[in-house]
Amino acid sequence: MEVLIPIITMGALSFLFSFGLVFAYKKLKVEEDPKIEEVSEMLPQANCGACGYSGCRAFAEAVVRGDAAANGCPVGGEEVANKVAEALGIKAGEVIKKVVRVLCRGTQDAAKNRGVYLGISTCYASHLIGGNKQCSYGCLSYGDCVRVCPFDALYMGEAGLPVVMEEKCTACGKCVDACPRNLLELHPISQEIFVFCHSLDRGPTARKVCKNACIACGICVRACPEAIVLENNLAKILDYKKIDPETIPDIEKCPTGAIGRLRKDDEG
Amino acid sequence: MIDKTYILQSSPHFKDKDSVPKIMYVVILSLMPSFLTSVYFFRFRAIALFVSCIGACLATEALFLWLRKKPKHSLLDGSAVITGLLLAMTLPPSLSLDRAVIGAVAAIAIGKQVFGGLGHNIFNPALVGRAFLQTAFPVAMTTWIPPAMLKVNTVTFATPLDNLKFQDAVAQGTLTSLKDLFLGNIGGCLGETSALALLLGAIYLFYKRAIDWRIPVGIICALTVFTGIFWLANPDKYASPLFHILAGGLLIGAFFMATDMVTSPITPLGSWIYALGIGIMVGLIRLFGGYPEGVMYSILFMNTFVPLLNRYTRPRILGERREK
Amino acid sequence: MPAKSIRAEYLKGLWQENPVFRQLLGMCPTLAVTGAVINGIAMGLATSFVLIFSSLVISSIKKLIPSQVRIACYVVIIATFVTMADRFLAAFFLPISKSLGPYVPLIVVNCIILGRQEAFSSKNSVGRSLIDALGMSSGFVLALLILSSIREILGSGTFLGHQVMGAWFKPWLIMIFPSGAFITLGILLAIALVIESKAKQRR
Amino acid sequence: MNLSSRMVIVLTSVGLISGSFLASVGLLTKERIALNRQQETEAAIVTVVPGTTNSQIVYEEEGFTVYEGKEDNGNLAGFAIYASGTGFQGKITLMYGTDSSMTKIKFLTIIEQRETPGLGSKITDVEAFLRYWENKDMSSSLTLHKPAASSPEELAPTEVNTITGATISSEKVLEIVNLSLERLRNLKKEGKLSSEEQDAS
């Protein structure tokens, strides 16, 4: 008897509760496409939000609904895009690997400080009071972007500018949002030429506050008028694809180095 | 690469002759009468405790500044000295020095630096140190010696509040006289024995406007009303409000601990609520709690409400409409 | 999930995914029973026993269990092993069983165990689950050992009941109390974070 | 087999298998656990009623048990009373022994307690606390002697000592004992202690 009581109790309880679970399964079932689970499991589960949805699960739901493209996850890249596309039987589309670029060359030596900043040491706080640098468009060097990166793909370089490690960057775009001066942009990894300045100051002012600022002299525009224009005292690449590779040496004649090829020290 | 040395800081920008070190030194100066009376009453023991507490506080502060790579100038702004001074004042004179050092380290490390240093701490660091010691060494922290002036041949010596709580002093008629309480010729923590010395310091603080007057006034009023009700109802069982104000750590707590700028509310209404809370808690603990004294726990308890009080008693911005 | 080497699968429980220091799981026993080393070790071993055996059982019958009743099944299996551990302690190690009090039955709701079943054993082979459970158990025992050593040495001046501090040492009673547990755990977590961020910088 | 019936079958069989495991574990450890408990009680009885070699329960209710202790030669050595109640921080269980006529408390021992280590836990300390309980008069409620006395001689027969710094724990122990003394007196009056009947016969 002593042996039977526990067995009967446990057995009966499990039996009863299993009916509860069957009931719950039948009556309270949430109709959900099993594909959502399937897609969700393929995703990196970083929940970074780079796809524009609140997390990997939400993205999976959107893909299954047809709202998002199979290649919508920038973190997963081509591999995940292909898997997702295969699971759903749709075309993956071409995934262009993007990385983030820091478009400022206001190094410690080039850009002058405005004074001694004693506030909270974040770019955001510094930016609220006009920044610690004389240039009101350049990098503030407090590394908000570095701190926010979930993949440790950024670090603060010796020169006082954040440096991107291409191989770690997943183009999730968190740093882009974190920069109060919008100096970080996502670009295809193959793109080589950038305008490394955001200064809208007029030439003489821009030059005074930072040695590497765009002074809107127009040399680059003359070298490649199809793709580059001047807008608000700043050179702008309208369409990277239209830049003729042969004109690159001419573009690189920029007197301040504000436009040109990516240099070794801009990368990791 | 600095052309002109401007100082860049976000608002509010105070232009005032007060600075952190200046206020801190006012507080240190105001503690001097109590410091001197405790040295008078407890002689070498007092000096040894003060030196070891202040020394340990400074050393811990220095260690943390070095670990966290913070500028060293905040070491000498006086805040660590005050923590050490206040902690020593709340210790029983018989406490061994190594224990005092442990308390001082805990005060700075757990009470202040883990929160991010001066201005970021939630609790009064000196009281955190004392609470740590109270929990770590409950026996040593409740063993008292008589002041050197009194010739009593017992090893242990009860504080006036111990007498009240455990010996039923009101009924026995052995309650410590108010005169002894006022002058400090009693057993107790180093700095809390002499009400006179504490009041002298408090007057100087008021004169310098270094503390918010609402907090001590609120605490004393709340305690007076609370203990007064019971005293009037049954004077044979409960001690008078004046006894409660002069005995134990109430005065030092009300003037020097609860008024700590970092851990007290910033709005007038908030200060009133905070002070009343402390006063009533002290009354509750002393009359009905398990401990004879409750100033330390009352202040620490109300410290936790400070962020909330600051938030809900925030004055309306000029022209702002009340949200519906 | 990329396949890891057996070594890495085991070692991850000790550091990268240490249940206490890195995942902050199983806080109840971690804080409650680490006042003395012997209790810490006993709790660690009892939890390990439950974790290892339930991982073994669950990973071997994972295909049989419909996912709708999996939690119910896991809990029944875990509870069975916990009861076995409890009775075993009460029968053969009475003093330990007494000092652990209600915390042995509470292993049932230790989130390390159900967490590993959900996250690992229900998806991996028996062998891999065993390695994972061994790693997690070692990590948990290690964490409890560190925590309880600090607390017992400072709180009672002893280690496993033997006097280790000289006569000059006065025990810090606070370390035996819950407040001491929280303070010690906080300091250990801070140290773990510093080590981890240093290691990250080096990588 | 459809999913629903599979759910029922799997869960039920898991329950049955667990049940049988538990049953066998319970069976295997049952004797040992009972033995442990018995040994513990016996040890406590021998402490509070010295000379006992054989003991048996004469009255039992929740949290209150009276044991009768007999010497080797069958003479009544005394009674051991097991009582429990709430302390300052948790449950306190204790046992005290009386002489054979139930007039005096002989010894007190604390079986289980969770009082503050170093303060309240001194209730287990013979020097500081327990020796002040020897030979106390059982006919009325006991009281605490405040402040703490330094030797048992200072106390009246109905007084026990306070531990310095742990008044509440001392009070709680006193409360538990006083409560059980009252029960004991009532039981005696009602003649429910079987030994009394034996004596009468």
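Each chain carries a letter (A, B, C and D) given by its place in the written order, and its residues are counted from 1.
Note that in this section a residue touches a chain if its C-beta (ideal position, glycine included) is under 8 Å from a C-beta of that chain, and two chains touch if they have at least 3 such contacts.
No experiment lies behind these values; they were computed from the predicted model shown.
Just to note, of C-D and A-B, the chains joined by more C-beta pairs in contact are C-D.
Comparing per-chain C-alpha centres with the mean over every protein C-alpha atom, the closest match is chain C. Once the centre of each chain is set as its mean CA position, chain C and chain D turn out to be 34 Å apart.
Taking the mean of the C-alpha atoms as each chain's centre, chain A and chain B sit 51 Å apart. Centres computed as Cα averages put chain B at a distance of 41 Å from chain C. Taking each chain's centre as the mean of its C-alpha atoms, chain B lies 45 Å from chain D.
Counting partners per residue, chain D has 3, 7, 10-11, 14-15, 18, 22, 26, 116, 118 as the residues that reach two or more other chains. Within chain B, the positions touching two or more other chains are listed as 138.
The set of chain A residues touching two or more other chains comprises 10, 14, 17-18, 21-22, 25.
Taken chain by chain, the contacts link every pair, so each chain touches all the others. Residues 108-109, 112-120, 125-126, 128-130, 132 of chain A touch chain B in their complex.
Against chain A, in their complex, chain D makes its touches with residues 3-4, 7-8, 10-16, 18-20, 22-24, 26-27. By the touch criterion given at the top, residues 170, 172-175, 177, 179-180, 183, 186, 190 of chain C touch chain B in their complex.
By the touch criterion given at the top, residues 64-66, 68-69, 72-73, 76-77, 79-80, 83-84, 87-88, 90-92, 94, 98, 171, 173, 176 of chain C touch chain D in their complex. Of all residues in chain A, only 10, 14, 17-18, 21-22, 24-25, 152 touch chain C in the complex they form.
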